[in-house]
Amino acid sequence: MPIFEGQLITMIAQLILAATIFALLRRSRSGERLPKIRRLAGLDAIDEAIGRATEMGRPTIFGNGSGGLNSAQTIASFSVLEYAARSCARYDTQLIAVSYVASVYPVMEAIVRTSYLELGKGDSYDPVNTVRFIASGWGASASALQGTMRRERVAACLFMGSYYAETTMITEVGANLGAIQVAGTANTAQLPFMISSCDYTLIGEEFYAAGAYLSKDDVQKVNLVALDYAKAITVIVIIIGALLATFGDASHLKNFLNY
Amino acid sequence: MSFWEKLSKMDNRIIYTALLVIMIWALIWPMGLPIQIGTSAKAAYETFDSFESGDILYVSFDYDSAGATDIQSSIEACMRLVLKNGGRVVSGALWPIGAQQANYAFKKMQEEYPHLVEGVDFLNLGYKPGGQMYIEKAMDSLIEACANVDNEGRNLSQFPIMKDLVTLKDAKVVICGNHGSPGASEWVPMYATAYAIPNNKPFVVAASAVNATINAPFIQSGQITVYLNGIRAGAEMELLTEKKGTAVSGMDAQSLSHILVFVLMILGNVSYFMQKRESRKQ
Amino acid sequence: MYRRTIPFIISIVIGLSYILSGALPEISAWKNLLDKWFQISTAFAVLIGAISLSMVHFRNLRRPERLIYSTTLIIALYGTVVLGLIQTSKGELYQTWYNMTIVPLEAAILSQIAFYITTAAFRVLRMRSLEASLMLIAAVFVMFYNVPVGAAVWQGIPVIGKWLMDIPNTAAMRAITMGAALGASATAIRVFLGLERSYLGGGE
C-alpha cells in the first residue's frame, strides 16, 4: 500500500499513542492500579470560586473562547463546563455559560441542560439565559462578555479554551469586580495575561489534563498517563537529537523522523 | 491608609486618563523619534522588490479590523512594492472580515496606481471557511478551494490572473496577515513546511505584536522566513517604501505609552517596598 | 440512537479517515470530500448562531431596560444581511456601513487592551521574589526593544530585548507548545476512538 512521503513515522506515532491508551484502559478495567495523579491547585480553585459565588448569591460565568468544535481546546473545555454546571446545579448557583462560536453553542447548551436534569434540577435551568450565544468574533464577544460580567456582577469566572486578544479585557474586568478567576488555555501568547489577572491559570497541557482530574472516568485518567509516556519519549528524542546535532551528525535521526 | 498604600491602590481611572492624555499628545504633536530599520523589514523589502512583471503575490488577510491597526500598514507596503514593479496580487481571507480588509487595501492601491485592472492585476477571492483545510486544498487547486467564486460570487475562470495562479504553488510569495487563529499556525504546516521551505521560497508573516512570542519558535526554525512584527514593522516598511502613513505617526504614541508603563512599574515597586518597611517598623 | 450513536459513529469514521489520510493516498481522496462538507457545515453554523442571538434579543424587546441595546443589535444584524444580499460586500452603502461601524468599533475595543495592560502592569509587576524581579527586568527590555525610544536611550536595549525574545522565550514557548500539542493530539485520538463523548452533549 503506498504511503505519502514523510508521513509514516507520524502515523505510527499516532497509532502507538492510541494503542497505549487502549492497553492502559484494559489494565485499569482489569483492576490493576494506575500511577497516582497529582492534583492541580487550579482545579481546587474551581470549587473555591463556585463556593464563593454561592455564598455571595452571585452568578458564575463560564466561557470557552473562540475555538470551534474542531479545536482540541474546545473539546477539553467541555469536561470543565460539565463539572461547573453540576456544581452550580447542586448548590443552586446561577451559571452563565457564554459561547462565541455558533457551532459550539448547541453542544454547550446540551451539556449544561443534561447536567441540570441529571441532578434533578431541571427547574433551575433557564433555556434562554443559562447558555448564551453572545456574538461572533472576539471583539464583539469581548465587549458582550465585559457587559455581562458587570451587569450580572459575577463572583466567579471560569475561562477555559482558545482565547486571543480579548483575554486581558475580560480578565481585568473580573479582577476589578473582585471575582475569583480560574483560566486555562493552550494559546501560549495569552498565558502571561491570564497569569497576571487571574487567581489560577492552567498552562498548556495542564488545561488538557483538567478533564482527567475533574472526571471520575477511567478513560480520562488513562489518557493522562499515556500522555506522560508520550512526553517522556519526546524528551528522550529531543535530547538524543540535541546531542547528535552538537557532537556529531543528526541527519540520520532527522531522516528517520521524516520517513 | 498611608500615602504608599493609597498609591499602590491607585484608582484605575487615573491611569486610564494619564494614558489617554499622553497618547493624544503624541499623536497631535509628534516628537519624531528616529526609527531604526530592522533586519526583518530590510529582508521584506528585498523579497518584494525582487518581483518582476507578471509575478504573483498571494496575501491572506487573516485578521479583522482590530488587528488591522497593527498589520495593515505592513501588508499595504508589501503590496505597493509588488505592484510598483509590475507584479500582481491575489488575496484570500481565513477570517470573515479579512475580505473587507482586502477590499480596503485594493481600493487604496487603485488610488495610487489607477491603471490597475481587477481580475488582471489583482483579485480578491474573499473569505473562505475551513482554515487549514482551505490551504491544503488550495495547494492542489485554488479554484476548487474557492468553490470557483471570488468575493463577489463571480466565476473565477473568467479572470486572466487565475490562469497563472492555478495553485498556491504558482504564487512567487505568500504573506499571511496574522492576528490569531486561523493564521500563521495553519500556514506554517500546510504551506511553509510542506512546500515553501523545501522549495527555497520565502514565507512572510505580518503579525500583530501580541503574536510575537507564539511565532518566535517558527522564526528560529526557519519556517517563517520574514517576520514583520506589529506596527513597528509597519512603520519601518512605510519608511522603506517612502510612503509615510499611520504606522509612522503611531510610533511616538507607542514610545510614550511604554514610558508611562515603566514609570507606573517604578511607582508600584516603590510603594510596595515602602509599605513593607512601614509594616516592619510597626 | 439518533442523539448519540449516529453522531458517535460519524465522528469515529471521520476521525480515523483524518488520521490515516495523512499517510494513505487512497483515503486522501475521501478526506478531500469530507473537507468540502466541513467547509459547508462551518458556513451553516453561522445560521445557528444568528438564530440563537435573535431568540435572546427578540425576547429582550419586552424588557424596557434592554430594549435599546437589543433593538440596535437586531437592526445591525439584519441590516447587514439585507444590505449584503442587495449590494454584495462591494456595494458603496455596505462599504460605508462597514467602514463607519465595524472598523472604528473593533479598533476601539482592541485599544482597550492598552489601558488594561497598563493597570495590570502596575498591579502585578512587583519585585516580590527573585523570579518576579527577573520577570520585571525582562519585561522592561522586551517592552523597549520594540519602540524607538529604547534604542534612543541605549543601543543595548534592542539587542538584549531581541535576545530575550529569541532564546529564553523561544525555549519556553517550544516546551509549552510541545506539551500542548501532545495534549491536543491525545484529546483528538480520544475523540476519534470514541472514548471522549462530551461533545455529544454530556451525560452518562
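The chains carry the letters A, B and C, assigned in the order they are written, with residues numbered from 1 in each.
Simple rule for what comes next: a contact is a pair of C-beta atoms (placed from the backbone, for glycine too) under 8 Å apart; a residue touches a chain by one contact, two chains touch by 3 or more.
All values derive from a computational prediction rather than experimental measurement.
> Once you've mapped the touching chain pairs, tell me: line, ring, star, complete or other?
Basically all the chains touch each other, so complete.
> Quick check for the class: compute each chain's Cα centroid; which one is farthest from the centroid of chain A?
B
> Quick check on this structure: which chain has its C-alpha centroid closest to the centroid of all protein C-alpha atoms?
The most central chain, going by mean C-alpha position, is C.
> Which pair wins on C-beta contacts, A-B or A-C?
A-C
> Could you put a whole-Å number on the gap between the CA centroids of chain A and chain C?
14
> Can you give the whole-Å distance between the Cα centres of chain A and chain B?
Inter-chain centre distance comes to 29 Å.
> Could you tell me which residues belong to chain A and also touch two or more other chains?
139, 165, 188
> Give the residues of chain C touching no fewer than two other chains, as numbers and ranges.
Chain C, residues with two or more chain partners: 38, 42, 106, 109-110, 117, 119, 121, 123, 173, 177.
> In chain B, what residues contact two or more other chains?
12, 64-67, 97, 212-214
> Considering only the defined contacts, which chain C positions touch chain A in the complex?
Residues 19-20, 22-26, 28, 38, 41-42, 45-50, 52-53, 55-56, 59, 105-106, 109-110, 112-113, 116-117, 119-121, 123-124, 173, 176-180, 182-193, 195-196, 198-204 of chain C touch chain A in their complex.
> Give every residue of chain A touching chain C within the complex, in rising order.
Result: residues 1-4, 7-8, 10-11, 14-15, 17-18, 21-22, 25, 68-70, 72-73, 75-76, 78-79, 82, 85, 101-103, 105-107, 110-115, 118, 128-129, 132-136, 139-140, 142-143, 165, 168-169, 172, 175, 186, 188, 191, 193, 196-197, 203-205, 207-209, 211, 219, 223, 226-227, 230-231, 234 of chain A touch chain C.
> In the complex formed with chain C, which residues of chain B make contact?
Within the complex, chain B contacts chain C at residues 10, 12, 15-16, 19-20, 23, 33-36, 64-69, 97, 99-100, 103-104, 126, 128-130, 133-134, 136-137, 147, 151-153, 209, 212-214, 216-217, 219-220, 229-230, 232, 251-252, 254-262, 264-265, 267-269, 272-273.
> For chain B, which residues are in contact with chain A within the complex?
Per the stated touch rule, the residues are 12, 64-67, 96-97, 179-181, 208, 210-214.
> Under the definition above, what is the set of chain C residues touching chain B in their complex?
Within the complex, chain C touches chain B at residues 32, 35, 38-39, 42-43, 88-90, 95, 98-99, 102-103, 106-107, 109-111, 114-115, 117-119, 121-123, 125-128, 136, 139-140, 143-144, 146-152, 158, 165-166, 169-170, 173-174, 177.
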